[in-house]
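In the part that follows, the structures are each spelled out as structure tokens.
Two complexes are shown next, each including subunit A; its partner changes from subunit B in the first to subunit C in the second.
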Partner chain A sequence: MEGFLPLQWAVFWWIIALPCLVFGILQLKRVLAADREALPLLGVTGGFIFILSSLKLPSVTGSCSHPTGTGLSSVCFGPWITSVICAIVLLFQSLFLAHGGLSVLGANIVSMGIVGPLAGWGIYRALRDTGVNIYFTVFLACALADFCTYIVTSLELALAYPAEVGGFGSSFVMFMGIFAITQIPLAIVEGIVLALVFKYIVQLKPEILVRLKVFPEEKIRAAAGDS
Partner chain B sequence: MYEELLEDIAQQNGLREVNTYTKLAAGLGAILLCLLSTSFVAPLFIAVVLTLTLFIMARIDPGTYGKIFVAPVLFALLGVSVIILLAGGEGAFWSWRPLPWLSLSITRESINQGLFVFFRVLGGMSALIFIALTTPMTDLFVVMRRARFPEEVLDLAMIIYRTIFVIMAQLVLVYQAQLMRLGYSSFRESVRSCATLCGSVFIASWEAGEDLIRAMEARCYEGKFAVLGEGRPIGLPSAMAVLSFLVVSAAIVVTTRQITLI
Partner chain C sequence: MWSRYRLEIVAIVAIVCFCGVFLYTSSLMNDAEYAGSDTLGSAGVAELTGVSEEAFQPLVPQWEPPSGEIESGLFALQAAVGGIFVGWVFGYWKGQKNRST
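Presenting the complex of A and B:
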């Protein structure tokens, strides 16, 4: 929300977001140089994140709850490229739908584009080479990416507006508590939906997942075979 | 979801032909001034001026504008109430301490702070909506290219921009078909329908994207979209108007530093 964060915090989150974006852009250059075919997929992923994250539910915190859709992109392209996609999507959101804003873009990139995808990617990397079902892995990655986004958003709000009694801590708990009501069910539903989307891709276009080395080939073949 | 994106309105607003930099200077300058301001007066002034400009000069329908503004105002009100309850201060009108580490109170200071944040959001949002409604994304791409944004990012941004419209069209189509076949009659059914909706639209728009790239490659595309930037000269009247708006706003920011609402 434009104007919700004071200037110093808006600048602070921009400073954190920028190096990550630069790193993401470098990675993006590498991926595109190696394989231009990835561009449409990146575009569709971005479009999807845009659509999913414009389904807003009001929440009592001056920010609002919505699915983020970043988990799937993070699994396919890694967290840094996802952060670049997210930055573009968040810019479009503020200019197309008046969601978010330009001064708070930095903070939004950190929560939705960097920490969320990193968390999702972390759990995906941890489970990728184990025997865990690939759909379950995707579910966990997406749900976690969504949920961590909101933990960071609460953190951003609490840092900017600490409570007088209990300071940052109680403010954080309060914002978090309010978000949790809408966000825990939402994260689970998002995880389920994106895992089903992933299943759809595995059935129809398994070759792209093999090429992006999302999962070991035999695992994808097995999943495509039994579904 | 909005059936009509702000982009569609921006493509035909009254200020469409004004130089992009002039409009961006007004919008971005207003956002910065709102953030620099320490009282509610300047953001309120900015909100009023930009809103009137949109109504009168850009010929935006007030009803549409109101609809766009409702959501941010509601979110801001909710957020501000949390700030009012938590900020604390001297001489509480009301206070309640349900837990040792949590104290809710309403004080003069907290109300002032809350209202200040509320007006800052109003000012900031009106500046943002001003940019959104007067400057189509296609014009911003030109600015971004001149500002030497990395080519890959711009390419990706344009592909995403294009894909959003493809996805929207297909989403509406498939969603209505599902709705007619009672695809959203129960929660279980909704989750399933939603997943097939997302999955099929994902694949379909991906293929549309691949077709687009292939079609462009056939026309010598090698990773750089051509953007037609029409050079609209900076008009003197509009530049002066923006300059005086920013100067007056800045003066208000400086002179009203100490003013609080109650």
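Presenting the complex of A and C:
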């Protein structure tokens, strides 16, 4: 939505996004230098961000929106590296698809690349060392990363455009109605699909998940063993 | 043997339900346009500010796909690039696994 954020807000979100991106790039270099075998996993998780964020799906509210696909990458590599992949996808969409735009790119990176993945990563970290099934954990992380992205989008717009009556709160409720409600069914389906993808990663390449300490080794071994 | 494919079954059921809910609601809502939520968001901003949507000009000059066909083509290209990555890596891992066993 190029042009729909006033200049000061566009700059504000850019200022938040930039240090996170720099940190993400440094972290990415470190992870890849430590283990070249992490690169294919990055390809898979990044590939799903490319695929899912291009699919505009209809939802129950009679409008369309797209999933984000960021949860899987966030579980495997953490939210900062995910921000870098998201920035690439969002840049492509701004330059060639008029979907987003260069001035609002900062705000979009914050919602899709930083806060969404951070929320997914938070729930994943909370459940990682508990007895909760790993696929259920991945499902929750992915669904939450998707859903929170659109909560933050609503927040960004409500901050920039508080309603005359009711101020920020009533704007936020209105934008939540547009973005977040549409997103609920999409977030659930995305979570299930990415949990399934994670199952295939566990079956094909459990070693890399063990090495990156995505889940405790015995949980991954158990999951890879019974499938 | 069913328990091996539990997650696959859940995924298929979820997708079928998603399609089913879509068919059901779209048959109830005749006026639904299935516009993008971005478009609705823009309309929301216009409504809040009382300024027409056309008045919001890009802050940074922006190239727009000349038509919906071209736009959907570019979206498909993006998905295809992602698909190539995913397929390539899964194939690479599968090959590694077959060789080691």
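The rule we apply is simple: the second predicted complex is superposed on the first by the 215 of 227 C-alpha atoms of A that agree within 3 Å, B and C clash if a C-alpha of one lies under 4 Å from a C-alpha of the other, contacts with A are read in each partner's own complex, and residues count from 1 in each chain.
Just so we're on the same page, a residue touches a chain if its C-beta (ideal position, glycine included) is under 8 Å from a C-beta of that chain, and two chains touch if they have at least 3 such contacts.
Note that the structure is predicted; figures quoted are calculated from it, not measured.
Asks: Which term applies to subunit B and subunit C once both are placed on subunit A by superposition, clash or fit?
Replies: After superposition on subunit A, which the two structures share, subunit B runs into subunit C.
Asks: Give one of first, second, both or neither to describe whether A:25 is in contact with subunit B, with subunit C, with both, or with none.
Replies: In the superposition, A:25 contacts subunit B only.
Asks: Quick check on the superposed pair: does A:213 touch subunit B, subunit C, both, or neither? Answer first, second, both or neither.
Replies: It touches nothing on subunit B or subunit C.
Asks: Report for A:85: first if it touches subunit B alone, second if subunit C alone, otherwise both or neither.
Replies: In the superposed model, A:85 contacts subunit B only, not subunit C.
Asks: Please work out whether A:204 is in contact with subunit B alone, subunit C alone, both, or neither, and reply first, second, both or neither.
Replies: both
Asks: Kindly classify A:4 by the partners it touches after superposition: subunit B alone (first), subunit C alone (second), both, or neither?
Replies: It touches subunit B and subunit C both.
Asks: Would you sort A:165 into first (subunit B), second (subunit C), both or neither based on which partner it touches?
Replies: first
Asks: Check whether A:44 is in contact with subunit B, with subunit C, with both or with neither, and answer first, second, both or neither.
Replies: both
Asks: Given the touch rule stated above, what does A:173 touch, subunit B (first), subunit C (second), both, or neither?
Replies: Only subunit B is touched by A:173; subunit C is not.
Asks: With the two structures fitted on A, what stretch of subunit B runs into subunit C, 95-103, 149-157, 203-211 or 221-229?
Replies: 203-211
Asks: Which subunit A residues lie in the overlap of the subunit B contact set and the subunit C contact set?
Replies: 1-4, 7, 10, 40-41, 43-44, 46-48, 50-51, 54-56, 58-60, 62-64, 89, 92, 94-99, 101-103, 157, 161, 163-164, 171, 174-175, 178, 189, 192-193, 196, 199-200, 204-205
Asks: Can you name the residues of subunit C that touch subunit A in the complex?
Replies: Against subunit A, subunit C makes touches at 4, 7-8, 10-11, 14-15, 18, 21-22, 25-26, 29, 31-42, 44-45, 48-49, 56-60, 62-65, 71, 74-76, 78-79, 81-86, 88-90, 92-94, 96-97.
Asks: Write out the stretch or stretches of subunit B touching subunit A in their complex.
Replies: The contact residues of subunit B facing subunit A are 1-2, 5-7, 28, 31-32, 34-36, 43, 68-69, 71-72, 74-76, 78-83, 86-89, 97, 101-103, 105, 117, 120-125, 127-129, 131-132, 135, 137, 140, 150, 152-153, 155-157, 159-164, 166-168, 171, 191-192, 194-196, 198-200, 202-203, 205-206, 209-210, 212-213, 223.
Asks: Can you list the subunit A residues touching subunit C in their complex?
Replies: Contacts found on subunit A: 1-4, 7, 10, 40-41, 43-44, 46-56, 58-60, 62-65, 89, 92-99, 101-103, 135, 150, 153, 157, 161, 163-164, 171, 174-175, 178-179, 182-183, 185, 188-189, 192-193, 195-196, 199-200, 204-205, 227.
Asks: Which of the residues in subunit A end up touching subunit B in this complex?
Replies: Residues in contact with subunit B: 1-4, 6-7, 10, 25, 28-29, 32, 36-37, 39-44, 46-48, 50-51, 54-56, 58-64, 84-85, 88-89, 91-92, 94-99, 101-103, 157, 161-166, 169-171, 173-175, 178, 189, 192-194, 196-197, 199-201, 204-205.
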